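Both complexes below contain chain A, partnered by chain B and then by chain C.
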Partner chain A sequence: MRALRRAVTWFGLPVLLVLVWWLVSGGSFYLPDPLKVVRAFWDTWVSARAFEDVLPSLGRLLLGYVAATLLGVGLGVLVGLSPRLRATLEPVLEFFRAIPPPVLVPLLMLLAGIDTPMKVLVIVSGCVWPILLNTVEGVRALDEVLADTCRMYGVRGGSRLRRFVLRGASPQIMAGLRQALSIGIILMVISEMFASSSGLGFTIVLFQRQFQIAEMWSGILLLGLIGLALSFLFRLLERRVLSWYYGSGAARA
Partner chain B sequence: MLEISELRKVYESPNRVVEAIRSLTFSVGEGELVCVVGPSGCGKTTLLRSIAGLLPVSGGEVRLAGSPVTGPPPRMAVVFQEYGRSLFPWMTVRQNVELPLKEKRVPPSRRAELVADSLEAVGLGDAADAHPWQLSGGMQQRVAIARAVAYEPQVLLMDEPFAAVDAQTRADLEDLILRLWRDLGVTTLFVTHDIDEAVYLGQRVIVLSSSPTVIMEDLKVDLPAERDQLTTRSLPRFGELRGHIYEQIQRAREAR
Partner chain C sequence: MSRTPFGARRRLLYGLAGLAGLLALVEAVPRLGLVDERYLPPATTILATLARELATAGLWIALGETLIGWALGLAIAFFLAVAIGVVIGIVPGLRAATTSTIEFLRPIPSVALVPLATLLYGPSLSSTLLLVVYASFWQVLIQVLYGVAAVDSVAYDTARSYGLGSWSRVRHLIWPTALPYVMTGLRLAAAVAFILAVTAELVIGSPGLGAEIQVAQSSGAVPAVYALIVLAGLVGIGVNVAVRFLERRVLSWHPSVRSEATT
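On to the complex of A and B.
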């Protein structure tokens, strides 16, 4: 009985949405019914395309995301630890953050070409800000008593960085990484919609232009599933890294 | 062992100058346990942080074993009041106690021994793998004490360590401090706002005035060395000393 109720809570709404989709579809050429889309999904993505378009896209996403993490956390720690550096950089950072990353695509195309480097750069340019700014906040909010404890017991240098600064700021860093992940997925697709010859974003635009409507819809479905899978993986990671944070009740405070 | 001479601390901000400590001179002999009491807001924490080298002083100096203190000295340990914030929540109890020893480059086998012994000494031998937040407040403060003890300091500073625990736990922790102090003979400076606690624990009690702080009295506690929550606290002399210090602090308050 309880299992049934849980199943209804989890799957009730998705099933309902698919039913609604089914009802409203069919009339229009541009809105194929779910069955067609699922069939197109199978034919399109469970094929060589998975290696030619999906994996390279995900690879670029991973590369850009990791680079943005290193850059954002590294710079964020420096800025967070130094009030003077923060005062100097803050207006500039706010300015760069305010620029919507997609408008950088034409510029980066000129500077870095249209291949992988450009796409990775676009992802980095969008993902780095939430990571950077959250890291700065996290480092600034480090507990003073713990900082004194470190000083008293000779915890300094790399050890202080690893065992105190990064761990102490990790709740905020993880919050930044979570925001960056969804930004990264968006930019992965956008970067491929411009002057590209492979990738998920490119393929979806291609299907649209060739009136392969069911295939286009299946691409959107795939992106949704990828986003879901990534955020699930992220949650697993977060539970591990921040187990102390959730356990200590600091998350609720 | 610890000499404080004409220590002065003034907090300066652009539109305000606050003289927290006017002038303090006293010393703590090797192996002594000295308590510092004073009315609230008299700069006890400022004093302790200055002695620990965590706060630059405005005048005078602190000397530890003859050499001036300019930053946290390597053989000094502090137990802070805020036990909940002085332990690393992402580390287990064992890792918390072990961390300073790692930084001191104590070899692993000796390290394990020190950690086990100190946790045993504070009665937390079986909590080594717990995280601090899984323990009660009193137990967390025991972990902080174990960390200080394992560090094998020359001088142990305690900043109102039991201000935030309940009365029962507090009595237990006071006896724990006395036992550790007797066993290890470590020079201890114990800051508190609790007069009873100061008389019960100290060989000497230093009574501070309100801010700007000076010493009102440096009082020798002439109670038997063997202390016990029940008998010591019911000695007539205990009551006299307590009353005397209470009067001093009352006077300090009124003088403000």
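On to the complex of A and C.
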């Protein structure tokens, strides 16, 4: 009985929404019914296209995201540990963060052409700022008592970096990584919509231009599922990295 | 509070030095021939181009269009999200029933709607609005839900037993409790809305700063591209500052802001 109630609260509204979609879909050319979209989804994406368009896109996203993480955390620790460097660079970094990342696409097209390097570079240059600034903030706000304790016990070098600096700043770093992830997805799609002959963003725009409406909706659905899957994976990672933090109760304070 | 060894004035000096350093670097690198001037014009050229562009009416119109798309989209998303969020938060059972749907729709990247917007509205303000509203709606909604959930249950029961109607409860109890969360949502949404406004102009071609950048890029006017990007950054900073100012004003009664002001 309880399981049934949970199933109804969990699936009730989505089922209702799909039914509404079904009912209203008859009248409009732009809104095909859900069955058609699901069929188009199956035909379009569960095929060779998954390897030709979807996986390379995701690969570029992963590559750019990892590079931005390494760069952002590395520089962030350096800047965060030195008050002088931080005071000098903060206005510059705030400026770079305030630039809406998609405007870098036309610029980087100019510098790096329209191939994979440009796309990865776009993702890196958009994702790095939230990670960098959050790392700086996290390192700045490290517990002073712990810093003194580390000094007292002679914890220094790599061990200090790993056990104290990165650990202590990790809640902030993860917050930056979460922001960067959604920016990264946006940039992955845009860089392909702009100038490209393959990739997820390109394919969806192509469908739209050829008025393949059901296929276009299936692409939107696929992007939604990718967003959902990535945010789920990120939550798993976050749980793991921050388990000490949630357990300590500090997260609630 | 902070353990920086120096005060506000020295921080300002260092910050100015940092900005000057950036300008000097961007000036020196192309002048010394490390990077071709065609790809990275010197800082003085970029700033001169920006000044020249700022003297034209076209740029101000484009800027105005971007800001209208941003403000209108943000306002629509904000009011929708607050209204829906408060209803979901108050009506018993509705929160549980909507969780799965919200968790599914929220991570959908709003650029996924680009083809749909193109198809329905073409390059116009409506396209911009569709993307901006979708992206910023979730940011506010989530915070409103947190805020409504943070209402003290004892205070809520007290209000009920004193016979406050549902409107007074919303007005005098739920809204003030949720307000700090709502303002956080607004701040996040304002930044996202600006990004999406420029994106829509860039990709779909709706009139505005993004479209100007696109035109400058395809006509090979490199200094103009840089100048417009600098301008977009400055506007982005302006947006952040404005929303932070609003947040402080609206929450001036709140302990978190008051304690910040006294230290």
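The definition used in the following text is that the second predicted complex is superposed on the first by the 253 of 253 C-alpha atoms of A that agree within 3 Å, B and C clash if a C-alpha of one lies under 4 Å from a C-alpha of the other, contacts with A are read in each partner's own complex, and residues count from 1 in each chain.
Quick note on the criterion: a residue touches a chain if its C-beta (ideal position, glycine included) is under 8 Å from a C-beta of that chain, and two chains touch if they have at least 3 such contacts.
Since the model is a prediction, treat every value here as computed from it, not as a measurement.
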item: First (chain B), second (chain C), both or neither touched by A:19; value: neither
item: Touched partner set for A:55, first chain B, second chain C, both or neither; value: neither
item: Touching partner for A:143 - first (chain B), second (chain C), both, neither; value: first
item: When both partners are placed on the shared chain, which of chain B and chain C touches more of chain A; value: C
item: Which of chain B and chain C A:152 touches, first, second, both or neither; value: first
item: Touching partner for A:237 - first (chain B), second (chain C), both, neither; value: neither
item: Touching partner for A:70 - first (chain B), second (chain C), both, neither; value: neither
item: Touching partner for A:167 - first (chain B), second (chain C), both, neither; value: first
item: Complex interface listing, chain A residues touching chain B; value: 143, 145-146, 148-149, 151-156, 159, 163-164, 167, 170, 244-245, 247-250
item: For the chain A and chain C complex, residues of the former touching the latter; value: 9-14, 17, 30, 83-84, 86-92, 94-107, 109-111, 140, 144, 182-183, 185-186, 189-190, 193-194, 201, 204-205, 207-208, 213, 216, 219-220, 223-224, 227-228, 230-231
item: Chain A contact footprint on chain C (complex, rising order); value: 2-6, 10-11, 14-19, 21-22, 39, 93, 96-101, 104-105, 107-116, 118-120, 194-195, 198-199, 202-203, 210, 213-214, 216-217, 222, 225-226, 228-229, 232-234, 236-237, 239-240
item: Residues of chain B defined as touching chain A within the complex; value: 49, 52, 54, 71-72, 74, 76-78, 80, 82, 85-86, 88-91, 99-100, 102-104, 131-134, 147, 151
